[in-house]
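Okay, got some structures for you below.
There are two complexes below, and they share chain A, which is joined by chain B in the first and by chain C in the second.
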Partner chain A sequence: MNLIPGANSASQGLRAEQVRLEVISQNIANARTTKTADGGPYQRQSVRFKAALGDAMAAQSSSSAKNEPTLEIVRDPRPAVRVYQPGHPDSDKEGFVAYPAINIHEEMADLISANRSYEANIAVMRNGRALAQQALSIGKR
Partner chain B sequence: MTEALFGSVNYMAEKRSLDACVERQRALASNIANLETPGFRRMDVPAQFRSQLSEAVRRQDVSSMNTLRPNAVIDSSAPARTPDGNSVNLTDELVAMQDNGLEHSLHIQMISGRMSRLRAAISGRMS
Partner chain C sequence: MTPITNSFSSNLAAAWARPAMGKTAGTASSVAGDTSVAAPGSRFGDMLSEMVQKTDASQKTSAATTGAMLSGQNVPLHQVMIASEEASISFQLMLEVRNKLLDGYQELMRMQV
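Entry: the complex of A and B
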(Lines of atoms letter the chains of each structure in order from A and count residues from 1; the text may use other names and numbers.)
(Lines give C-alpha, C1' and ligand atoms only; values in the text may rest on other atoms or scores of the structure.)
Protein backbone atom coordinates (compact mmCIF):
# COMPACT_ATOMS: atom_id res chain seq x y z
CA MET A 1 0.00 0.00 0.00
CA ASN A 2 1.32 3.38 -0.91
CA LEU A 3 -0.68 6.20 0.67
CA ILE A 4 1.91 8.95 0.43
CA PRO A 5 2.67 9.90 -3.17
CA GLY A 6 6.38 9.92 -3.84
CA ALA A 7 7.33 8.33 -0.51
CA ASN A 8 9.38 5.63 -2.23
CA SER A 9 11.59 8.05 -4.09
CA ALA A 10 11.99 10.29 -1.07
CA SER A 11 13.02 7.47 1.24
CA GLN A 12 15.50 6.14 -1.31
CA GLY A 13 16.90 9.63 -1.66
CA LEU A 14 17.20 9.97 2.13
CA ARG A 15 19.02 6.65 2.35
CA ALA A 16 21.38 7.61 -0.46
CA GLU A 17 22.25 10.94 1.20
CA GLN A 18 22.79 9.15 4.51
CA VAL A 19 25.33 6.81 2.93
CA ARG A 20 27.01 9.83 1.40
CA LEU A 21 27.27 11.51 4.82
CA GLU A 22 28.77 8.34 6.27
CA VAL A 23 31.38 8.10 3.52
CA ILE A 24 32.33 11.76 3.99
CA SER A 25 32.72 11.34 7.75
CA GLN A 26 34.87 8.27 7.14
CA ASN A 27 37.10 10.28 4.81
CA ILE A 28 37.50 13.10 7.33
CA ALA A 29 38.20 10.67 10.16
CA ASN A 30 40.89 8.93 8.11
CA ALA A 31 42.52 12.03 6.67
CA ARG A 32 45.84 11.19 8.35
CA THR A 33 45.69 7.38 8.35
CA THR A 34 48.97 6.11 6.93
CA LYS A 35 48.51 2.40 7.52
CA THR A 36 45.40 0.32 6.83
CA ALA A 37 44.72 -3.42 6.82
CA ASP A 38 46.02 -3.73 3.23
CA GLY A 39 49.28 -2.00 4.13
CA GLY A 40 49.10 1.33 2.28
CA PRO A 41 47.59 4.62 3.39
CA TYR A 42 43.80 5.06 3.56
CA GLN A 43 42.26 5.66 0.17
CA ARG A 44 39.60 8.31 -0.17
CA GLN A 45 36.17 6.93 -1.04
CA SER A 46 33.34 8.64 -2.81
CA VAL A 47 29.74 7.87 -3.62
CA ARG A 48 28.62 7.60 -7.19
CA PHE A 49 24.92 7.98 -7.94
CA LYS A 50 24.13 5.61 -10.75
CA ALA A 51 22.44 7.12 -13.76
CA ALA A 52 18.73 6.34 -13.59
CA LEU A 53 18.17 7.57 -17.13
CA GLY A 54 17.57 4.12 -18.58
CA ASP A 55 15.10 3.34 -15.81
CA ALA A 56 13.33 6.63 -16.37
CA MET A 57 12.79 5.75 -20.02
CA ALA A 58 11.52 2.31 -19.12
CA ALA A 59 9.26 3.59 -16.35
CA GLN A 60 7.40 6.09 -18.51
CA SER A 61 4.07 4.38 -17.82
CA SER A 62 3.20 6.06 -14.50
CA SER A 63 5.27 3.57 -12.48
CA SER A 64 7.81 6.27 -11.78
CA ALA A 65 8.27 4.67 -8.36
CA LYS A 66 10.98 2.56 -10.02
CA ASN A 67 12.79 5.73 -10.82
CA GLU A 68 14.93 5.96 -7.70
CA PRO A 69 18.60 6.70 -7.31
CA THR A 70 20.92 3.82 -6.60
CA LEU A 71 24.47 4.36 -5.54
CA GLU A 72 27.80 2.65 -5.23
CA ILE A 73 30.89 3.48 -3.20
CA VAL A 74 34.02 3.88 -5.32
CA ARG A 75 37.65 4.49 -4.44
CA ASP A 76 39.23 7.75 -5.43
CA PRO A 77 42.13 6.94 -7.81
CA ARG A 78 44.15 10.00 -6.80
CA PRO A 79 47.69 9.03 -5.69
CA ALA A 80 48.75 9.46 -2.08
CA VAL A 81 50.56 12.63 -1.03
CA ARG A 82 54.22 11.95 -0.13
CA VAL A 83 55.65 13.98 2.73
CA TYR A 84 59.27 13.89 3.90
CA GLN A 85 59.16 12.69 7.53
CA PRO A 86 62.13 10.43 8.26
CA GLY A 87 61.21 9.82 11.90
CA HIS A 88 57.72 8.52 11.12
CA PRO A 89 57.24 4.76 11.74
CA ASP A 90 55.54 4.35 8.32
CA SER A 91 58.21 6.19 6.35
CA ASP A 92 59.87 4.39 3.44
CA LYS A 93 63.61 3.98 2.82
CA GLU A 94 64.00 7.54 1.55
CA GLY A 95 62.12 8.92 4.56
CA PHE A 96 58.83 9.71 2.78
CA VAL A 97 55.42 9.01 4.33
CA ALA A 98 52.39 8.45 2.09
CA TYR A 99 49.33 10.33 3.33
CA PRO A 100 45.83 9.88 1.86
CA ALA A 101 44.92 12.51 -0.77
CA ILE A 102 42.10 14.08 1.24
CA ASN A 103 41.26 17.75 0.95
CA ILE A 104 39.29 18.84 3.99
CA HIS A 105 37.65 21.75 2.14
CA GLU A 106 36.41 19.44 -0.57
CA GLU A 107 34.93 17.12 2.05
CA MET A 108 33.20 19.96 3.91
CA ALA A 109 31.66 21.33 0.71
CA ASP A 110 30.43 17.85 -0.12
CA LEU A 111 29.04 17.52 3.40
CA ILE A 112 26.98 20.71 3.04
CA SER A 113 25.62 19.60 -0.33
CA ALA A 114 24.63 16.19 1.07
CA ASN A 115 22.93 17.93 3.98
CA ARG A 116 20.90 20.18 1.69
CA SER A 117 19.80 17.25 -0.47
CA TYR A 118 18.71 15.40 2.66
CA GLU A 119 16.59 18.36 3.73
CA ALA A 120 15.02 18.58 0.27
CA ASN A 121 13.94 14.94 0.50
CA ILE A 122 12.46 15.60 3.96
CA ALA A 123 10.43 18.45 2.43
CA VAL A 124 9.13 16.04 -0.23
CA MET A 125 8.05 13.64 2.49
CA ARG A 126 6.24 16.39 4.44
CA ASN A 127 4.43 17.58 1.32
CA GLY A 128 3.37 14.07 0.35
CA ARG A 129 2.00 13.50 3.82
CA ALA A 130 -0.04 16.72 3.64
CA LEU A 131 -1.55 15.57 0.34
CA ALA A 132 -2.48 12.19 1.80
CA GLN A 133 -4.09 13.80 4.84
CA GLN A 134 -6.15 16.10 2.67
CA ALA A 135 -7.27 13.17 0.54
CA LEU A 136 -8.41 11.36 3.68
CA SER A 137 -10.64 14.32 4.54
CA ILE A 138 -12.74 14.00 1.36
CA GLY A 139 -16.41 13.91 2.24
CA LYS A 140 -15.99 14.93 5.86
CA ARG A 141 -18.54 17.38 7.13
CA MET B 1 -28.21 5.43 -10.25
CA THR B 2 -25.12 6.87 -8.70
CA GLU B 3 -23.97 7.74 -12.19
CA ALA B 4 -26.48 10.53 -12.23
CA LEU B 5 -25.11 11.75 -8.90
CA PHE B 6 -21.40 11.44 -9.63
CA GLY B 7 -21.19 11.27 -13.41
CA SER B 8 -21.27 14.96 -14.20
CA VAL B 9 -18.50 16.26 -16.44
CA ASN B 10 -17.16 18.75 -13.91
CA TYR B 11 -16.98 16.17 -11.16
CA MET B 12 -15.13 13.73 -13.41
CA ALA B 13 -12.74 16.48 -14.43
CA GLU B 14 -12.03 17.23 -10.76
CA LYS B 15 -11.21 13.60 -10.14
CA ARG B 16 -8.88 13.47 -13.13
CA SER B 17 -7.13 16.64 -12.00
CA LEU B 18 -6.67 15.13 -8.55
CA ASP B 19 -5.06 12.07 -10.16
CA ALA B 20 -2.76 14.40 -12.07
CA CYS B 21 -1.75 16.13 -8.80
CA VAL B 22 -0.81 12.82 -7.19
CA GLU B 23 1.16 11.72 -10.25
CA ARG B 24 2.91 15.07 -10.35
CA GLN B 25 3.88 14.76 -6.67
CA ARG B 26 5.41 11.36 -7.51
CA ALA B 27 7.37 12.81 -10.41
CA LEU B 28 8.64 15.76 -8.34
CA ALA B 29 9.69 13.41 -5.53
CA SER B 30 11.71 11.34 -7.96
CA ASN B 31 13.26 14.50 -9.42
CA ILE B 32 14.45 15.70 -6.01
CA ALA B 33 15.70 12.24 -5.03
CA ASN B 34 17.77 12.21 -8.24
CA LEU B 35 19.18 15.69 -7.67
CA GLU B 36 22.71 14.32 -7.92
CA THR B 37 22.28 11.42 -10.31
CA PRO B 38 24.47 12.04 -13.36
CA GLY B 39 22.51 12.52 -16.56
CA PHE B 40 19.08 12.40 -14.93
CA ARG B 41 16.39 14.31 -16.87
CA ARG B 42 13.53 15.76 -14.84
CA MET B 43 10.05 14.31 -15.26
CA ASP B 44 6.68 16.00 -15.08
CA VAL B 45 3.05 15.64 -16.09
CA PRO B 46 2.91 17.22 -19.55
CA ALA B 47 0.88 20.40 -20.10
CA GLN B 48 -0.81 18.48 -22.89
CA PHE B 49 -2.83 16.59 -20.25
CA ARG B 50 -4.47 19.80 -19.07
CA SER B 51 -5.39 20.87 -22.58
CA GLN B 52 -6.85 17.45 -23.35
CA LEU B 53 -8.89 17.62 -20.15
CA SER B 54 -10.28 21.08 -20.83
CA GLU B 55 -11.06 20.01 -24.40
CA ALA B 56 -13.06 17.06 -23.03
CA VAL B 57 -14.91 19.38 -20.60
CA ARG B 58 -15.74 21.74 -23.46
CA ARG B 59 -17.17 18.89 -25.55
CA GLN B 60 -18.96 17.41 -22.47
CA ASP B 61 -17.30 14.13 -23.40
CA VAL B 62 -17.30 11.83 -20.34
CA SER B 63 -16.07 8.71 -22.12
CA SER B 64 -12.87 10.27 -23.44
CA MET B 65 -12.29 11.76 -19.99
CA ASN B 66 -12.44 8.28 -18.48
CA THR B 67 -9.61 7.06 -20.68
CA LEU B 68 -7.45 10.12 -20.02
CA ARG B 69 -4.51 9.17 -17.77
CA PRO B 70 -1.93 11.60 -16.40
CA ASN B 71 1.47 10.03 -17.02
CA ALA B 72 4.71 11.66 -16.02
CA VAL B 73 7.14 11.88 -18.94
CA ILE B 74 10.63 13.24 -19.35
CA ASP B 75 10.57 17.01 -19.57
CA SER B 76 12.74 17.62 -22.60
CA SER B 77 12.31 21.42 -22.42
CA ALA B 78 14.24 21.72 -19.15
CA PRO B 79 17.84 22.84 -19.73
CA ALA B 80 20.74 20.82 -18.35
CA ARG B 81 22.01 22.26 -15.05
CA THR B 82 25.27 20.34 -14.79
CA PRO B 83 27.84 19.23 -17.39
CA ASP B 84 26.67 15.61 -17.02
CA GLY B 85 23.20 16.60 -18.30
CA ASN B 86 21.20 16.53 -15.05
CA SER B 87 18.27 18.93 -15.50
CA VAL B 88 16.85 19.03 -11.94
CA ASN B 89 16.83 22.47 -10.31
CA LEU B 90 16.09 22.17 -6.58
CA THR B 91 14.40 25.59 -6.22
CA ASP B 92 12.13 25.02 -9.20
CA GLU B 93 11.15 21.59 -7.95
CA LEU B 94 10.30 22.87 -4.46
CA VAL B 95 8.23 25.74 -5.90
CA ALA B 96 6.43 23.32 -8.21
CA MET B 97 5.73 21.11 -5.21
CA GLN B 98 4.12 23.95 -3.22
CA ASP B 99 2.10 24.86 -6.28
CA ASN B 100 0.99 21.28 -6.68
CA GLY B 101 0.01 21.05 -3.00
CA LEU B 102 -2.27 24.08 -3.31
CA GLU B 103 -3.84 22.73 -6.48
CA HIS B 104 -4.43 19.43 -4.73
CA SER B 105 -6.29 21.10 -1.86
CA LEU B 106 -8.36 23.09 -4.36
CA HIS B 107 -9.56 19.89 -6.03
CA ILE B 108 -10.19 18.24 -2.66
CA GLN B 109 -12.39 21.21 -1.68
CA MET B 110 -14.32 21.07 -4.95
CA ILE B 111 -15.02 17.36 -4.54
CA SER B 112 -15.96 17.70 -0.87
CA GLY B 113 -18.20 20.64 -1.75
CA ARG B 114 -20.05 18.61 -4.33
CA MET B 115 -20.57 15.82 -1.78
CA SER B 116 -21.93 18.16 0.87
CA ARG B 117 -24.29 19.77 -1.65
CA LEU B 118 -25.60 16.32 -2.56
CA ARG B 119 -26.02 15.50 1.12
CA ALA B 120 -27.93 18.72 1.66
CA ALA B 121 -30.20 17.90 -1.28
CA ILE B 122 -30.88 14.37 0.01
CA SER B 123 -31.49 15.25 3.65
CA GLY B 124 -33.09 18.61 3.04
CA ARG B 125 -31.01 20.43 5.63
CA MET B 126 -27.75 22.21 5.46
CA SER B 127 -25.18 20.54 7.65
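Entry: the complex of A and C
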Protein backbone atom coordinates (compact mmCIF):
# COMPACT_ATOMS: atom_id res chain seq x y z
CA MET A 1 0.00 0.00 0.00
CA ASN A 2 1.29 3.44 -0.86
CA LEU A 3 -0.17 5.42 1.99
CA ILE A 4 2.38 8.20 2.23
CA PRO A 5 2.33 10.30 -0.95
CA GLY A 6 5.71 11.02 -2.45
CA ALA A 7 7.47 8.41 -0.34
CA ASN A 8 8.94 6.51 -3.30
CA SER A 9 10.49 9.56 -4.97
CA ALA A 10 11.74 10.94 -1.67
CA SER A 11 13.33 7.62 -0.79
CA GLN A 12 15.17 7.46 -4.12
CA GLY A 13 16.25 11.08 -3.74
CA LEU A 14 17.64 10.36 -0.27
CA ARG A 15 19.58 7.40 -1.63
CA ALA A 16 20.97 9.53 -4.46
CA GLU A 17 22.12 12.28 -2.11
CA GLN A 18 23.69 9.71 0.17
CA VAL A 19 25.77 8.31 -2.70
CA ARG A 20 26.74 11.85 -3.68
CA LEU A 21 27.93 12.53 -0.15
CA GLU A 22 30.01 9.37 -0.13
CA VAL A 23 31.67 10.32 -3.41
CA ILE A 24 32.45 13.80 -2.08
CA SER A 25 33.97 12.36 1.08
CA GLN A 26 36.11 10.02 -1.01
CA ASN A 27 37.28 12.95 -3.12
CA ILE A 28 38.24 14.98 -0.08
CA ALA A 29 40.01 12.03 1.54
CA ASN A 30 42.05 11.43 -1.63
CA ALA A 31 42.85 15.06 -2.33
CA ARG A 32 46.58 14.48 -1.96
CA THR A 33 46.82 10.92 -3.28
CA THR A 34 49.61 10.87 -5.83
CA LYS A 35 49.68 7.15 -6.55
CA THR A 36 46.76 4.81 -7.14
CA ALA A 37 46.52 1.19 -8.32
CA ASP A 38 46.31 2.48 -11.91
CA GLY A 39 49.65 4.24 -11.49
CA GLY A 40 48.64 7.85 -11.80
CA PRO A 41 47.24 10.29 -9.24
CA TYR A 42 43.71 9.95 -7.94
CA GLN A 43 41.07 10.99 -10.47
CA ARG A 44 38.26 13.08 -9.08
CA GLN A 45 34.91 11.28 -9.20
CA SER A 46 31.50 12.82 -9.57
CA VAL A 47 27.99 11.45 -9.58
CA ARG A 48 25.78 11.76 -12.62
CA PHE A 49 22.04 11.51 -12.11
CA LYS A 50 20.44 10.27 -15.29
CA ALA A 51 17.30 12.12 -16.20
CA ALA A 52 14.39 10.37 -14.52
CA LEU A 53 11.52 12.23 -16.10
CA GLY A 54 8.97 9.65 -15.16
CA ASP A 55 5.39 10.78 -14.98
CA ALA A 56 4.45 11.31 -11.35
CA MET A 57 0.95 9.90 -11.82
CA ALA A 58 2.27 6.81 -13.56
CA ALA A 59 4.79 6.28 -10.78
CA GLN A 60 1.97 6.29 -8.25
CA SER A 61 0.14 3.47 -9.92
CA SER A 62 3.13 1.39 -11.01
CA SER A 63 6.20 0.25 -9.17
CA SER A 64 8.83 2.62 -7.86
CA ALA A 65 11.46 1.39 -10.32
CA LYS A 66 10.06 3.61 -13.07
CA ASN A 67 10.86 6.83 -11.25
CA GLU A 68 14.22 5.84 -9.90
CA PRO A 69 17.02 8.27 -10.69
CA THR A 70 19.84 6.27 -12.21
CA LEU A 71 23.17 6.96 -10.60
CA GLU A 72 26.45 6.76 -12.38
CA ILE A 73 29.79 7.47 -10.79
CA VAL A 74 32.00 8.97 -13.47
CA ARG A 75 35.62 10.02 -13.40
CA ASP A 76 36.34 13.66 -13.94
CA PRO A 77 38.76 13.91 -16.88
CA ARG A 78 40.45 16.99 -15.46
CA PRO A 79 44.23 16.84 -15.92
CA ALA A 80 46.29 16.48 -12.79
CA VAL A 81 48.01 19.44 -11.20
CA ARG A 82 51.77 19.29 -11.59
CA VAL A 83 53.85 20.62 -8.75
CA TYR A 84 57.61 20.91 -8.82
CA GLN A 85 58.82 18.69 -5.97
CA PRO A 86 62.05 16.91 -6.96
CA GLY A 87 62.46 15.19 -3.57
CA HIS A 88 59.06 13.49 -3.67
CA PRO A 89 59.15 9.69 -4.18
CA ASP A 90 56.49 9.98 -6.91
CA SER A 91 58.15 12.74 -8.87
CA ASP A 92 58.81 12.10 -12.55
CA LYS A 93 62.16 12.58 -14.29
CA GLU A 94 61.63 16.35 -14.52
CA GLY A 95 60.91 16.63 -10.80
CA PHE A 96 57.17 17.27 -11.11
CA VAL A 97 54.62 15.47 -8.95
CA ALA A 98 51.09 15.04 -10.29
CA TYR A 99 48.47 15.86 -7.66
CA PRO A 100 44.75 15.24 -8.12
CA ALA A 101 42.86 18.23 -9.46
CA ILE A 102 40.53 18.47 -6.47
CA ASN A 103 39.44 21.91 -5.33
CA ILE A 104 38.49 21.74 -1.66
CA HIS A 105 36.21 24.77 -1.95
CA GLU A 106 34.32 23.12 -4.79
CA GLU A 107 33.96 19.93 -2.76
CA MET A 108 32.73 21.91 0.23
CA ALA A 109 30.10 23.65 -1.89
CA ASP A 110 28.96 20.28 -3.26
CA LEU A 111 28.83 18.97 0.30
CA ILE A 112 26.55 21.78 1.45
CA SER A 113 24.36 21.32 -1.62
CA ALA A 114 24.06 17.56 -0.96
CA ASN A 115 23.18 18.34 2.66
CA ARG A 116 20.38 20.72 1.68
CA SER A 117 19.01 18.32 -0.93
CA TYR A 118 18.90 15.58 1.70
CA GLU A 119 17.02 17.90 4.06
CA ALA A 120 14.61 18.83 1.28
CA ASN A 121 13.79 15.17 0.64
CA ILE A 122 13.27 14.64 4.38
CA ALA A 123 10.88 17.61 4.40
CA VAL A 124 8.94 15.97 1.57
CA MET A 125 8.69 12.76 3.58
CA ARG A 126 7.51 14.61 6.68
CA ASN A 127 4.86 16.47 4.73
CA GLY A 128 3.68 13.27 3.09
CA ARG A 129 3.33 11.65 6.49
CA ALA A 130 1.45 14.69 7.84
CA LEU A 131 -0.93 14.46 4.86
CA ALA A 132 -1.59 10.79 5.56
CA GLN A 133 -2.23 11.45 9.25
CA GLN A 134 -4.59 14.32 8.50
CA ALA A 135 -6.49 12.09 6.09
CA LEU A 136 -6.84 9.51 8.85
CA SER A 137 -8.17 12.19 11.20
CA ILE A 138 -11.22 12.64 8.95
CA GLY A 139 -12.78 9.61 10.56
CA LYS A 140 -11.89 10.49 14.12
CA ARG A 141 -14.66 11.87 16.26
CA MET B 1 -7.43 -8.25 17.75
CA THR B 2 -6.73 -9.37 14.24
CA PRO B 3 -8.72 -12.66 14.33
CA ILE B 4 -11.70 -10.87 15.86
CA THR B 5 -11.73 -8.26 13.11
CA ASN B 6 -11.48 -10.90 10.42
CA SER B 7 -14.40 -13.02 11.54
CA PHE B 8 -16.51 -10.03 12.51
CA SER B 9 -16.02 -8.27 9.21
CA SER B 10 -16.72 -11.45 7.25
CA ASN B 11 -19.91 -12.03 9.21
CA LEU B 12 -21.03 -8.44 8.71
CA ALA B 13 -20.23 -8.56 5.01
CA ALA B 14 -22.18 -11.81 4.68
CA ALA B 15 -25.16 -10.24 6.49
CA TRP B 16 -25.11 -7.26 4.09
CA ALA B 17 -24.70 -9.44 1.00
CA ARG B 18 -27.63 -11.79 1.75
CA PRO B 19 -30.55 -9.31 1.37
CA ALA B 20 -29.02 -7.87 -1.83
CA MET B 21 -28.78 -11.29 -3.43
CA GLY B 22 -32.35 -12.07 -2.39
CA LYS B 23 -33.63 -8.91 -4.14
CA THR B 24 -31.87 -9.50 -7.43
CA ALA B 25 -32.73 -13.22 -7.73
CA GLY B 26 -34.94 -14.26 -10.65
CA THR B 27 -33.99 -11.73 -13.37
CA ALA B 28 -31.70 -12.40 -16.34
CA SER B 29 -29.31 -9.57 -15.51
CA SER B 30 -29.12 -10.76 -11.92
CA VAL B 31 -27.27 -13.89 -13.03
CA ALA B 32 -24.44 -11.70 -14.30
CA GLY B 33 -24.80 -9.57 -11.16
CA ASP B 34 -24.48 -12.65 -8.94
CA THR B 35 -21.29 -13.79 -10.66
CA SER B 36 -19.80 -10.31 -10.39
CA VAL B 37 -20.67 -10.19 -6.68
CA ALA B 38 -19.13 -13.61 -6.19
CA ALA B 39 -15.93 -12.58 -8.03
CA PRO B 40 -12.92 -12.82 -5.76
CA GLY B 41 -11.88 -9.60 -4.04
CA SER B 42 -15.13 -7.79 -4.73
CA ARG B 43 -16.71 -8.80 -1.44
CA PHE B 44 -16.22 -6.43 1.44
CA GLY B 45 -14.93 -9.16 3.74
CA ASP B 46 -12.29 -10.18 1.21
CA MET B 47 -11.19 -6.59 0.83
CA LEU B 48 -10.88 -6.20 4.57
CA SER B 49 -8.85 -9.37 5.05
CA GLU B 50 -6.65 -8.26 2.15
CA MET B 51 -6.08 -4.94 3.93
CA VAL B 52 -5.19 -6.73 7.15
CA GLN B 53 -2.71 -8.89 5.26
CA LYS B 54 -1.12 -5.84 3.63
CA THR B 55 -0.80 -4.14 7.01
CA ASP B 56 0.79 -7.26 8.40
CA ALA B 57 3.17 -7.39 5.43
CA SER B 58 4.25 -3.78 5.93
CA GLN B 59 4.85 -4.45 9.64
CA LYS B 60 6.98 -7.46 8.74
CA THR B 61 8.92 -5.44 6.16
CA SER B 62 9.64 -2.76 8.74
CA ALA B 63 10.82 -5.32 11.30
CA ALA B 64 13.01 -7.09 8.73
CA THR B 65 14.56 -3.82 7.50
CA THR B 66 15.32 -2.69 11.07
CA GLY B 67 16.81 -6.08 11.90
CA ALA B 68 18.95 -6.02 8.77
CA MET B 69 20.31 -2.59 9.63
CA LEU B 70 21.01 -3.52 13.25
CA SER B 71 22.80 -6.69 12.22
CA GLY B 72 25.22 -4.62 10.14
CA GLN B 73 23.92 -5.06 6.60
CA ASN B 74 24.17 -2.20 4.14
CA VAL B 75 20.67 -0.79 4.67
CA PRO B 76 20.34 3.00 4.50
CA LEU B 77 18.93 4.58 7.62
CA HIS B 78 16.26 6.53 5.75
CA GLN B 79 14.87 3.30 4.32
CA VAL B 80 14.40 1.93 7.85
CA MET B 81 12.59 5.10 8.96
CA ILE B 82 10.35 5.22 5.90
CA ALA B 83 9.42 1.55 6.29
CA SER B 84 8.51 2.07 9.95
CA GLU B 85 6.41 5.14 9.08
CA GLU B 86 4.51 3.20 6.40
CA ALA B 87 3.83 0.40 8.86
CA SER B 88 2.59 2.85 11.49
CA ILE B 89 0.26 4.67 9.08
CA SER B 90 -1.20 1.46 7.68
CA PHE B 91 -1.80 0.19 11.22
CA GLN B 92 -3.63 3.42 12.12
CA LEU B 93 -5.71 3.05 8.98
CA MET B 94 -6.69 -0.45 10.01
CA LEU B 95 -7.68 0.85 13.45
CA GLU B 96 -9.86 3.56 11.90
CA VAL B 97 -11.63 1.05 9.66
CA ARG B 98 -12.22 -1.17 12.66
CA ASN B 99 -13.68 1.79 14.59
CA LYS B 100 -16.04 2.57 11.73
CA LEU B 101 -17.21 -1.01 11.53
CA LEU B 102 -17.81 -1.13 15.27
CA ASP B 103 -19.79 2.11 15.10
CA GLY B 104 -21.99 0.67 12.37
CA TYR B 105 -22.48 -2.53 14.33
CA GLN B 106 -23.44 -0.63 17.46
CA GLU B 107 -25.83 1.52 15.46
CA LEU B 108 -27.52 -1.62 14.17
CA MET B 109 -27.68 -3.14 17.63
CA ARG B 110 -29.31 0.00 19.02
CA MET B 111 -32.25 -0.36 16.66
CA GLN B 112 -35.50 -1.17 18.43
CA VAL B 113 -37.02 -4.41 17.29
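Rule of thumb we're sticking to: the second predicted complex is superposed on the first by the 126 of 141 C-alpha atoms of A that agree within 3 Å, B and C clash if a C-alpha of one lies under 4 Å from a C-alpha of the other, contacts with A are read in each partner's own complex, and residues count from 1 in each chain.
Operating definition for what follows: a contact is a pair of C-beta atoms (placed from the backbone, for glycine too) under 8 Å apart; a residue touches a chain by one contact, two chains touch by 3 or more.
Model, not experiment: these values are computed from the prediction.
Residue contacts after overlaying the shared chain place A:Q18 against chain C, while chain B stays out of touching range.
In the superposition on chain A, A:S117 makes contact with chain B only, not with chain C.
Contact with chain B, but none with chain C, is seen for A:S9 once the two complexes are overlaid on the shared chain. In the superposed model, A:K140 makes contact with both chain B and chain C. Once chain A of one complex is fitted onto chain A of the other, the partner contacts of A:K93 are absent, as it touches neither chain B nor chain C.
Between chain B and chain C, the partner in contact with more residues of chain A is B. In the superposition on chain A, A:F49 contacts chain B only, with no contact to chain C.
Contacts of A:H105 after superposition: neither chain B nor chain C is touched.
In the superposition on chain A, contact is made by A:L131 with chain B only, not with chain C.
7, 10, 139-140 are the residues of chain A that lie in the contact sets of both chain B and chain C, per the superposition on chain A. Within the complex, the chain A residues that touch chain C are 1, 3-4, 7, 10-11, 14-15, 18, 122, 125, 129, 132-133, 136, 139-140.
Chain B makes touch with chain A in their complex at residues 18, 21-23, 25-30, 32-41, 43, 69-74, 90, 93-94, 97-98, 100-101, 104-105, 108, 111-112, 115-116, 119, 127. Chain A makes touch with chain B in their complex at residues 5-10, 12-13, 16, 48-53, 56-57, 60-62, 64-65, 67-69, 113, 116-117, 120-121, 123-124, 127-128, 130-131, 134-135, 137-141.
Interface of chain C with chain A (complex): residues 51, 54-55, 58, 76, 78-79, 82, 85-86, 89-90, 92-93, 96, 99-100.
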